[in-house]
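Each of the next two complexes has chain A plus one more chain, namely chain B in the first and chain C in the second.
On to the complex of A and B.
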């Protein structure tokens, strides 16, 4: 199967997620959660799942994945939930920077070094 | 097989483990994407979120099918700060009808930059209202479109800006200027919204609201 183009028709989204639906309120994924593949894509995998595993060979934020897959963020999160549940990806969740002065300082240092 | 990585992606290093968010808001054409592009290490990417009328990310595809959902596009860029921290910059339209979407999309953000075109100051009122309501730290940057110049005090009054909110001039096309805007924001967050400031108690989600489709 080839890479899906931008086609957000409800029917396509329905098909992609098997009609399942949850990713919303209690989704573990933030826009900037970094996702890392824990295995290689295998034959017979849903093509979007395989694409995610290829892209996340390097840590990749949820929002970058969505852009790359040309899928809405919420649909991307549903696909990621499948992979996370199956142990095929791991998730590096954002730390609470505003609670952590060290992180704020690191951000400043990083920006000044640009 | 390789087609999913068609564009020249610049992957993050293997040790990257902490994503951070800053939002750039402002009216149409005020320079949001330009500012993101000036400092981003990747070409700004575009993506979208599908939201229900209730302002929640779609958690039921039947809502998409039932057309009770709408789609909001936003763009973003990325700055690798160090081996672990990666900063994402989001450009978001400041129009009233989008705001409850941003409330959800950008929760947990470090802070916001409100970009202002002094020829159209009113375009930013709503964004500032929302940020204040939300307790999200922000600064105001006036993008220079070569129009009439105003004294900072005039702009503060026109925006009804709290005195502690930094106000600066910028040129979104300049990397140095865009960088300074971000530094000013993070310094502001550090000084006024640090761990002791108690803003975490005020991060109550806004009660919402209908979306005019």
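On to the complex of A and C.
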């Protein structure tokens, strides 16, 4: 019978995307692309789209979105592509990592010491 | 003097006169002589005396003559009368004789006739009596024969029927036994198929989470789709054989998920267009049935319409519940077909005999309609094909916005929390850890919505007791854990220590991670951290129990255990816990 902890949604992933499995060659999304909502969730919207718009009120990375939605990153990218095409979100790549290598090295050392 | 006898006849003068006259003559002569002879002086006296005497004599003679005549007449009359009387007497005697003779004759005749009649009567009676007795004998005989014959026939017939009845009842018993055995075997097989499909779907879902390669994902989704269709067929067989329908969901399923879940189980899901703005949800115990029925209707609509045509699903909330209408632009069903379909989906007949092999779907819909009170009706569609209306009654609907922890939970989360793994941007732990925040499930955040969980369970008209009690136990457990956790920062493990013994080292190893960025834990942070830890602890515990149950499920064949073999699903968070090395970004 039903037990807590099993998957708790009857949605299959392919029904979320209408069967699409790739977001297209010109997809601007990668794992760390920051996504910002451009509008509020509207009624009648697919619930994942609405959830994305709600979460991305503040800039959020794609991978974080995927984690929030409990969806694979690829599926999240497809959903984001739909929203981007509709102009409901905008994507922005994070600043290039211009951190000081010393700082990175110190972090690495610190991590190793853990 | 034989005159006719006349009364009053008197003697006539002629007859009377001669005698007196003759006397008178003689007397005159004597008187005259006497007078002549007598001397003269005495002659007068003699003449006078003699004359008077003569006169007297004449009178006397006249009287005598008259009397004589009278006597003679009377005598003659007397004689006549006497003669008459004699004649009359004679006549009477003759008559009497005649009469006597006649009477005797008549009497004789009467006697004779009576004797004859009596004889005839007795003869007739005897004849009739004999006839009657003969007839009676004959009838009695024939009746007895007939009865004997009939009795024999009846005995024969009864024996034959008894034998036949015995044979038939034997056959019926054998058949019903075989039928029950076949049904139970089919139900058993269907249950195992269901469990396999469910487990495979969960495994596939876990794999889909794990593999980020789009090609692999496409293949996995393809397999996922195929498995979902196989699962639907197993569900159909289970429904038809009266077994328990597949899974039960622990929480209300939103209408959008119902529609997508139904779509995901048919081959032509990409042709289905959903038009829904409904925010209701179907109670957990009925969600699977509604989904399955809708999937069958969608499958029919997609199969009986051109491969390029779309199938439209509309959701409309009405006071009686929610109407799901499925419209296709395919074949138009005739009146007879519509009626047949309506009868099939009405669920009135639960016999399996009406199945035609290819039309399982409508019978499945009928069974499910009967079970969950769905009302399905057919009508020609405005799109040119067939339209099906399915009314989901209000008593299996739950307002979706009753528990709304989602918004309140999402708010603290977007601000980058310190936990998600400072080492790697994509920590696989983030998936299970963020589970409580994004899932609208009640049991995923017991610390916030325990009361909401209670009301939700109370709203459920048919709560499933088997998952109710453990869930509440977990909820209560979690609440005490929260109470313990708040002052100390981390919950103490009281229950499930033995089960989680193997994982304890890992838990200890991870405990410094959330502790490091804890300069001054705010209330929100504490709550979020507690929830996260609770979900982690639960995942660990379930993984342990599932491993145990799965091991026991492998070699047991009962459908109950087949149903409990849903457990691979519950292991979903476990792989991501133990597969951190599978993350490509680490």
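Everything that follows uses one rule, which is that the second predicted complex is superposed on the first by the 79 of 114 C-alpha atoms of A that agree within 3 Å, B and C clash if a C-alpha of one lies under 4 Å from a C-alpha of the other, contacts with A are read in each partner's own complex, and residues count from 1 in each chain.
What we mean here is this: a contact is a pair of C-beta atoms (placed from the backbone, for glycine too) under 8 Å apart; a residue touches a chain by one contact, two chains touch by 3 or more.
Remember, it's a predicted structure, so these values are computed and weren't measured experimentally.
**Student:** In the overlaid three-chain picture, which partner chain does A:55 touch, first (chain B) or second (chain C), both, or neither?
**Tutor:** Touch status of A:55: both partners.
**Student:** Considering only touches as defined above, state whether A:92 meets chain B (first), chain C (second), both or neither.
**Tutor:** First partner only, chain B.
**Student:** Report for A:46: first if it touches chain B alone, second if chain C alone, otherwise both or neither.
**Tutor:** A:46 sits against chain C, while chain B stays out of touch.
**Student:** Answer with first, second, both or neither: which of chain B and chain C does A:106 touch in the superposed model?
**Tutor:** Only chain B is touched by A:106; chain C is not.
**Student:** After superposing on the shared chain, does chain C or chain B touch more chain A residues?
**Tutor:** B
**Student:** Taking the superposition as given, does A:33 touch the first partner, chain B, the second, chain C, both, or neither?
**Tutor:** Touch status of A:33: first partner only.
**Student:** If you lay the two complexes on top of each other, which residues of chain A touch chain B in one and chain C in the other?
**Tutor:** Looking at chain A, the two contact sets intersect at 2-3, 8, 10-11, 13-14, 19, 21-22, 31-32, 51, 54-55, 57-58, 60-61, 63-64, 67-69, 72-75, 111, 114.
**Student:** Flag every residue of chain A that touches chain C in the complex, lowest number first.
**Tutor:** Those residues of chain A that touch chain C are 1-16, 18-19, 21-22, 31-32, 43-44, 46-47, 51, 54-55, 57-58, 60-61, 63-64, 67-70, 72-75, 111, 114.
**Student:** Note which residues of chain C are touching chain A in the complex, please.
**Tutor:** Where chain C meets chain A, its residues are 201-202, 205, 208-209, 211-212, 214, 217-218, 221, 224-225, 228, 247-251, 253-254, 256-258, 260-261, 263-264, 269-270, 276-277, 284, 287-288, 291, 407, 410, 413-415, 420, 423, 425-426, 430-431, 434-435, 437-439, 441, 443, 464, 466-467, 470-471, 474, 512, 538-539, 542, 563-564, 566-567, 569-573, 585.
**Student:** Of all residues in chain B, which touch chain A in the complex?
**Tutor:** Counting only chain B, the residues touching chain A are 3-7, 9, 11-14, 16-21, 39, 45-50, 56-62, 64-65, 71, 76, 78-82, 84-88, 90, 105-106, 108, 110, 175, 179, 182-183, 186-187, 189-190, 193-195, 199-200.
**Student:** Provide the residue numbers of chain A that touch chain B in the complex, in ascending order.
**Tutor:** 2-3, 8, 10-11, 13-14, 17, 19-25, 27, 30-34, 51, 54-55, 57-61, 63-64, 66-69, 72-75, 77, 92, 94-101, 103-112, 114
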